[in-house]
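Shared chain: chain A. Partners: chain B in the first complex, chain C in the second.
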Partner chain A sequence: MMPDQREILTKVLRILDEVCPERNANATRSAQASLIDDYYIDSLKVAELSLLLEESFDVSVFIPHLSGSVRDPHELTVGALVEFVRSNLTGST
Partner chain B sequence: MLNPDLSFASPEIEKLLGDAACATWTVPQDPLWHRPLDIERIKAVGTPSLLQDIPGFTALSVTQRNEVIYHEGLYHLNNLMAGEHLGVFLAAQIIRDCPNDSLDCAYFTSSVLADERNHMLVLRRYLREKAGVVFSPNPALAKIFDELMRETSYEVKLLASQLCLEWTAVSLISSIQFKNPEPLLRNILAAIVRDEGRHVRFNRWVFAHLTNARIAELQPRMEEMFFEATVAIIASFFAIPVWQQYDFAPDACRHYALRDLHERGAMKYFTRILPRQLERCRFKSDRLIHLLETELERRVLDAHIELQPTGVATDIPLVASPDTMGKQHDA
Partner chain C sequence: MSAPFSIYKDRDIYFLELDSPGSSVNIFSRAAAEQVHQFIHQLKPDDASLVVFKSSKPYSFLNGTELVLTASAHTIEDATALSQRTRQAYRAIEQCPVPTVSAIQGSCFGCGVEFALCTDFRLAADSFDTCFYMTELKDYYFPPIFGALEKLPRLLGLPGAVDFLLWGEKWRAEQARNSNLIDHVLPGEDFNSNLRAFLTSGALRNLKKRPILDLPALESAHDTADRDRIRHRIDRLPEEQRGLYSLCFEAMLESLQSPYSNEFVRKSAAAFQSVFQSDAWRNATSFFFIRTMARTASLGTSSMIPSDPVTLRLPATGSEFARILGGRGLKGLTVLRDETVFRPELICKDAIRHPFDARCGFDKDVRSDARPLIYFPDGERDVCEVFITPEALRQFRPLLVLITHLGWHPIVRRMDGKSVLNTLVEAGASGLRHVHREAQQLLRTKVLRHSSQVDVAVCSLFDFPPSRGSFMSHFAGTS
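Here is the complex of A and B:
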């Protein structure tokens, strides 16, 4: 059965904690958090995060695709990542 | 040979091919081609140089340091372009060698070939027309490209070129998307990444459908080529032709750059995370992990001693001495 939005968010936040242990101390651990400004995502972390999400959801999660789809990389939030995972799970990307 | 009843074995690949056919490649028509690059703005926001800790780096002026960073970025784009160029020829070989009892592999790979061609041409245009700097591909990359062209198994070609080399390259250039304020390059990379996302799905499908016997048969060669490709990726970070322009000794550059890669977590990524790509493709290998943990660094350093960089191409304005760098870019 496909996980719902909340389950995806929980898993994504857990994986982000693993990949990005040095998170912005002032940032909330939520869908609104910024991947760049709050989780300090860089290219290596993008690659690692892609792989861990793929392993966790057993679906292709190619995060560079997501980062290439926004005008301003600072628009990349945890919520946008959750939605990206969800759309990959439903095959709507 | 010509079988009009031939169909797709996988609805997923048929859909993916349909997506590829509908994907519009509009980058060459981007109006930004007609706008000058804001070189100074680009230089001010690059990723720190791998040589940031080498003695003498801080003695460079801020302008020179920014030039080094800017040209390191261009060096990596040149390597990416070389990889796309290879991808065209590898795709042609894969179409020739892959199973032809259904349309899936050959037809999807034909779209990969077209994508790689588009990527190569647009990067070539950007580097020549806008940046005005062309480097020869890193020699370690050139060596692995030659080996892949000689490889007999289409599966090994796919895995090493698409999942090891391209997946890593595209993931790594995403930092350019994050940080580079140059909108044309950002649009180019976004378009490339969109296509690569389809390629990754296709590769996963190919390896999910191999028989266990075929997996076992390919395992030793997969490990070998994956290891060699990883050596080449890391060695290609060493922008020796750029650094030599500032009189940094290549040997010192290699050691400081490797140390910097450690500090950034890159070596951990290559020894622990990247091999999991193989596992995702059903090639679990303790031997490969052992090789990466024990042999990788030595091989990366050796790669540059064995294969001295050949420098830069000669038919357009080139990287010159540090005090002239930047002046030759037509803004």
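Here is the complex of A and C:
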């Protein structure tokens, strides 16, 4: 069964904690957090995160496709990533 | 989180030491650009005799800009806005009222090279982790936009600039100096002490501002022949690469006439516009991430910093593996030659010895026995295969990270079974569709962890161009 939005968010936050141990001290651990400004995600971490999300959800989660779909890098939030995972899961079912 | 640069003054020299927060390599972020720009803006000619840029990040001087952001540039205006702060910072360095020095240890890639080209003197550590490489065309299928196109032909001469920029040669410090990319080489061991001694020796006492674009163009008697040879090689590139390489080459030629001419600006802009938002550019940029995913799938980390120093004990003579590791030191790697050992041994920090095998050269029957095995099937190809258990991988990971610094892509797989690389090479004799079919089987049976490992292996073994993106995606549905 496909996980719901909350389950996806929980898993995504857990994997983000693993990949990005350093986080902006003022950032909340939530869907609103920015991947760039709060999780300090760089290109190496984008690749690592993509791989771990793919293995966790058993679906392709190639984050460069997400960053290519936004106009403003600040739109790259945890919530946008959760939605990206959800849409890939929907597309694969 | 701390600022990217630590800024301090020692006697009359300012040091700007880069340590990108939260990243295993240095990147020229917006915050770094802002910090450099502000520092130079406040600097007066009498404030210091030199400004020295260096890194405190192991293995990395400067690896690039924020690649993760470039995908969000959908229009030329977006891209211009995104690169604006970097441009301003680089221009500030060029116009800095005090002479500037790049003290380079670790990888200096792409816009890291372009950063160094803005400074008045470039010196580098003679160590294996110091490597100069223009990533733009080779890896990202994109023209360099921070000055390399016009500066390199003037600094290196046309043939050198073409080798470095178009063909993506990787240069160590000695070659960089011989090619005129840098001015001086310092011993890699204890680089900071050597740098301090060099700076205090007064060798740079009379250093003046010396913009590269003010240098006269180097002319060679073989120019026409060189140009024809280069054009001929461009004509043989894969179709999707020809246009960009040709435009970049013509822009480089134009820059030799005049780097400030309208014609140079027109040609370099045409190169940019020809690929911006093209499939080939998107694919090639994606391939950087695919390579990193393959490394993560193999090593369990994307970090380029080995967690522990590595000591190897190798047989005293005849070790091809020793040659691969290099005659000179890679920081963090100690190689001991020992006539009492017959196979390589990894010595961990707890002094426990872990014997392993290293096979160099094609071996159609290669298999591991009870020990880990590192297999280099072809010295001309930058891929190797590692047969290893997950438990042993924990011990060997620092060594494998160091091997990536030497330019190899280790494909880690489980211990048992036939070589993955041999399987792919054999399938390749019947065409790439057969390679795809075999690769699917390797993934289904979990010999390999992730499709990116196949992508990297095929790129190396069959010259599958990154501008076509993932091999596995490219052939999906065809076999």
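Definition applied: the second predicted complex is superposed on the first by the 91 of 93 C-alpha atoms of A that agree within 3 Å, B and C clash if a C-alpha of one lies under 4 Å from a C-alpha of the other, contacts with A are read in each partner's own complex, and residues count from 1 in each chain.
The criterion applied here is as follows: a contact is a pair of C-beta atoms (placed from the backbone, for glycine too) under 8 Å apart; a residue touches a chain by one contact, two chains touch by 3 or more.
Everything quoted here is computed from the prediction, not taken from an experiment.
Participant: For the combined arrangement obtained by superposing on chain A, do chain B and chain C clash, or do they fit?
Facilitator: Here chain B and chain C cannot both sit on chain A without a clash.
Participant: So, A:20: does it touch chain B (first), chain C (second), both, or neither?
Facilitator: After superposition on chain A, A:20 lies in contact with chain C alone.
Participant: Of the two partners chain B and chain C, which one touches more residues belonging to chain A?
Facilitator: C
Participant: By the touch definition at the top of the document, which applies to A:12: first (chain B), second (chain C), both, or neither?
Facilitator: neither
Participant: After superposition on the shared chain, which partner residues are touched by A:64: those of chain B (first), chain C (second), both, or neither?
Facilitator: both
Participant: Between chain B (first) and chain C (second), which, if any, makes contact with A:53: first, second, both or neither?
Facilitator: After superposition on chain A, A:53 lies in contact with neither partner.
Participant: Name the contact category of A:78: first (chain B only), second (chain C only), both, or neither.
Facilitator: Neither partner.
Participant: Under the stated touch criterion, which partner chain does A:40 make contact with: chain B (first), chain C (second), both, or neither?
Facilitator: second
Participant: Considering 2-10, 38-46 or 146-154, which region of chain C has C-alpha atoms that clash with chain B after the structures are aligned on chain A?
Facilitator: 146-154
Participant: So chain A touches chain B in one structure and chain C in the other; where do those two contact lists coincide?
Facilitator: Of chain A, residues 36, 41-44, 46-48, 50-51, 54-55, 62-64, 67-68, 73 contact chain B in one complex and chain C in the other.
Participant: Would you tell me which residues of chain C are touching chain A in their complex?
Facilitator: Chain C residues touching chain A: 1, 20-25, 27, 64, 66-69, 71-72, 74, 78, 282, 285-286, 288-293, 295-297, 301-304, 450, 452.
Participant: Can you name the residues of chain A that touch chain B in the complex?
Facilitator: Where chain A meets chain B, its residues are 36, 41-44, 46-48, 50-51, 54-55, 60, 62-65, 67-69, 73, 93.
Participant: If we count contacts the way the header does, which residues on chain B are in touch with chain A in the complex?
Facilitator: For chain B paired with chain A, touching residues are 47, 167-168, 170-175, 177-178, 189-191, 193-194, 196-197, 200-201, 204, 264-266, 269, 273-274, 276-277, 280.
Participant: Across the complex, what residues on chain A touch chain C?
Facilitator: 20, 22, 24-25, 36, 40-48, 50-51, 54-55, 62-64, 67-68, 70-73, 75-76
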